[in-house]
Structures are given as structure tokens and as C-alpha cells.
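Have a look at this one before I ask anything.
Per-chain numbering from 1; labels A, B, C and D assigned in written order.
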């Protein structure tokens, strides 16, 4: 499977009065990682949604997460994300957040490929995941996004 | 069990380019609901943490959530939260978000009562949940927080 | 002018490692207050945007803010907002956040009434603020939104 | 002055139903940029606050911002930040956000060097900015943080 690993610098605003990352940020990062994975595979969600008025993206249907250790301001954590199952109209993602070699958070999500429901455009209908998506996201490659710093 | 139901007005900033609530907001609301439930039971977490330098709150250990239907800007949703299990050092919460009579999101969380680890204050140790907390949060009462509007 | 005052409970997730409200939350609340003010005047922005494909809302053009005192978890602050100037295509808002009788934050914003630019739909064009909006938001009324709690 | 320029990828969760960056995110990024600037100069705020119980960071006192153009999901914007004035107990920051060569947002902030007020630890007292901070942040250097992507 195509695997994306991206560095995330923990910022002041990610942390709460207990001085650790406020847990909803991990869910926010999962959304960012999904989009980054699709973009790395050549599929930019934003223009896909802008061009196709009835495409509704890949809404989250179910998720679970385990929190093993906290992260703190300044930590450089790594978010690993890949597809772990292909269904017809759905797929699963596996997320892992690490700091150095320790796993901080591990999570699974089931998402659907969604279009506007033709009978009621306010609601969603799951439709088959396009084959081109499955092929691109199933490639055996590892994409790494890292933050570089240079001084002049 | 003590049950809290609180109204949440979906705001512009809660919603994403798909024009529905961005799912990490539900996780943010779960944190808010936990604190509101404890406060309604007479236990304000912030002063508890401020007064007891080694108390670390009730960090999330595990959670799962199912998303059934979206919410949109302006929707007045209701967040229901109550303890669904008492362990020795942990407890489970059940969350449900409704819009009119439809369930939007249903979630379960396992959290621990945490103090600084005496051997390594940077890490946490789960300790027994105080009896006073269990008693207060086990009361058979329903607390409702609603938003009122009046014009003069 | 129509003035809206709304209660905001400061939550755990609004606060940072300094254990005070993380300042970007005040800017988030200003957006929420603007929408609440329009809604209270009978103009719900979300359906207005959904119904009129070229309407782009009231984007922020300029703002300033002064921060006098911090707020903390559990504080019940009040956000006061009203229009302070009408231009042809723009208007100014005045925001004030109070805790008990102290002013925490005072801010001014200039916003425009925006539509898609007919020459380039990706960009915005400021257009005259509709008279019905000016009339409704100029009424001499005070709307208060408060959080009520009841136990059964 | 020491100038930091850092790349920020606009994510789905940064954008609102108008499909542009929700403006409070720019204020969030300003906070992140300040911390990144201090860290690049050798001063990590989080350990400074953790080690010195009475140090309260550099709270925002006043700010203004002008918004010239929107950003959208997937845009790679650059945030430029540097000190623009040193006072005795305060300093000003200048922020600029660009996309390609266009300026999206320009902002100024006045912040103070703060410690707990000895007469009332709940409130803050501005104290002189340490000389070592002024020297480090006044160096004539440009630090660039960029996001790199590699595939294996």
C-alpha cells in the first residue's frame, strides 16, 4: 500500500492546560493525513470537489483510536497513514503517530466514497470507490514529508 | 447515572468546504461535555488541577465513534453524555449527538484518573477514581443546558 | 443599533499551556458573534450562501484588537457585538468580551458584502450592502443569549 | 532582524463553507510563527515556561491585520515573521502571509514579556525583555522552514 509519513511540529496552540496535546488535534491531523495521502497519489480532493458538484468526498463513518503516550509543545511527531482495507464503497485507513520510536496514538477509520443522494441532495449516498483511486493508493511506495530548516 | 444534555449551536467555523461539521469538532465537544458533566456534579476540573500539582485530569485512553448523519451551520444539536462504566482506575463515557430526533454521532470513551508518575513526573500513572466522584456522577439525575434568547 | 450579547463558557480546549484562553479563540468567537447577530436579525448566512451561488458572505478586510485581561477554564464570559459603521459596500463591527464587569478584549472589524467577481469567480467583488440588512441591523434592540441549566 | 519564513500547507480543516481559509487560522498561525521564531533563535518557550514557574510567556496586548486575498485547500502559503520594534517590556512583531508572490494577510502585534504579578499571581506583570532575547532576535539572518517530499 501507499504509505505517507509526515512530520508535524507540536505547537503551543495544540496543547491544553495539562500541557499536552489536546486530543481532538489528533483527529484533525488524521483528516489532514488523509488529504495528504490522496494528494501524494495524484488526487487533490479540493479541486475534485470543486469540479464535480455532486461529489462529497470521503466522510468518516466509524473510527477508533488508542492513546498510549502524550506529546508536548515542540515535539516533532510523525504521522503515518495508509489504506488498510478496500471495500466496494468504503475503505479503511490506519493511522499511527510516533515520537522518536514510541507510538503515541494508533487509530482506524472507515470512510465511504460519497456523492449527493439523487433522491435528496442534502443527504449522502455511498458509491463505488473509483478503480483509479484503488490502484494509485495500493502502490507499494513510501512517501515522506519532512520539515527542513536552513539559515542564511 | 448523572446525564448531561447540552445544546450546541453549529457555527460557521465548525464547518468545512463540504459545508458540514468538520468531524474533529465532535471530539472537541466530547471533551467539553466531559468537563460540563463534572462541573454539573460539583467538580470543576480546572481548579482541581490548579490546586493539586500532581493531578493530571482524566486523559483519554481509547475511543470509538460512529457517524450517522451530518450537521450544518445553524443547526442546534444536543450533546448527551454520561458515565457508562466505572472501573477502579478508569471509567467509560457514552456520548450521543442528536439533531431533532435523529442521532448524528454516537461514541464511547475510556478515560483514566491520572496523576504524575512519582518515578517520572513527565509520565502519567492511573490511580483509583475517588469515591466522591463515583457517587456524584452516579446520581440518577438529568441536567439540561439550553441556550435562551431574549430581546429587549 | 441591534446589539447581541451572548454567553460563552470557556472550555478546557480553549486554553493553552499558560492556562488562559488561547487568543485565536477570540477571533473565532468574533466570527460566531457576527453570524449570531445576523441570525438574530432574521438573516441566516448559511442558507443565504447555499441559495445564492455567487454570494460570498462578509469577508474580513481589516481588524484590530486589544487584550486587557485573560480568561480561564470555566469562566462565563459575555461577547457583545454590534455594527458600528455602515459604508456603501462595507461595514464595521465592534466586539467587546467581558468577564463580570471587566473588559477582557475589545476589537473592531471592517467587513465587505461580497459576491463572486463576474470577471474571475475565484476572486471576490465588494457590492452594496442590501438595504434590508442595514435596516434590520440598525434597529434599537438588545438581544441576549444566555445558557440556562436545569436539573430533573 | 532575524526573519523566519515557514511554509504552511492549507488543509481541508482550515477552510470554511465559503471554501477559503477561515480567518482565525491566520491568528493561530501567528502564534505558531512567534514560537518558531523564538525556537530558531535558540529559545524554546515551552521549557522556559516549564522551568520558571513565574514566567508567563509573551501575551498579546494589541494587534491589527489586513486581509487582501483568500487562500484555499492545498495552497502552499508562506508565513514571514520578524520583530519590528523593541520596547523595554514590550516588542512588536510583523507578520506577512504570501501565496506565490501575492500578499494574503499582513499583521502587526504588540506583545509583552510577562511574569506572574508578585502581588497577585493570577494576574500578569510586564517585565523587561531579557537582553539575550533582544540580541538573538536582532541578528541579521533569514531562517527558512520548508516542507520536503520524497518517495521511495
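Please note the rule applied: a residue touches a chain if its C-beta (ideal position, glycine included) is under 8 Å from a C-beta of that chain, and two chains touch if they have at least 3 such contacts.
Being a predicted model, the structure only gives us computed values, none of them experimental.
Both chain C and chain D are touched by A, B.
Over half of the residue numbers at the interface between copies chain A and chain D are found on both sides, making the touching surfaces mostly the same.
The distance from the centre of chain A to the centre of chain D, with each centre set as the mean of the Cα atoms, comes to 26 Å. Centre-to-centre separation between chain B and chain D, using Cα means, comes to 31 Å.
If you average the Cα atoms of chain A and of chain B, the two centres end up 24 Å apart.
Chain contacts: chain C has residues 12-13, 17, 19, 22, 24, 28, 31, 46, 73 touching two or more partner chains.
Touching chain C in their complex are the following residues of chain A: 12-13, 15-17, 19, 22, 24, 73.
The part of chain D that touches chain C in the complex is made up of residues 17-18, 20, 22-25, 27-28, 31, 46, 49, 56-57, 59-67, 69-70, 123-124. On the side of chain B, the complex with chain C involves touching residues 9, 11-13, 19, 28, 31-32, 35-36, 39-40, 44-47, 50, 72-74, 141-152.
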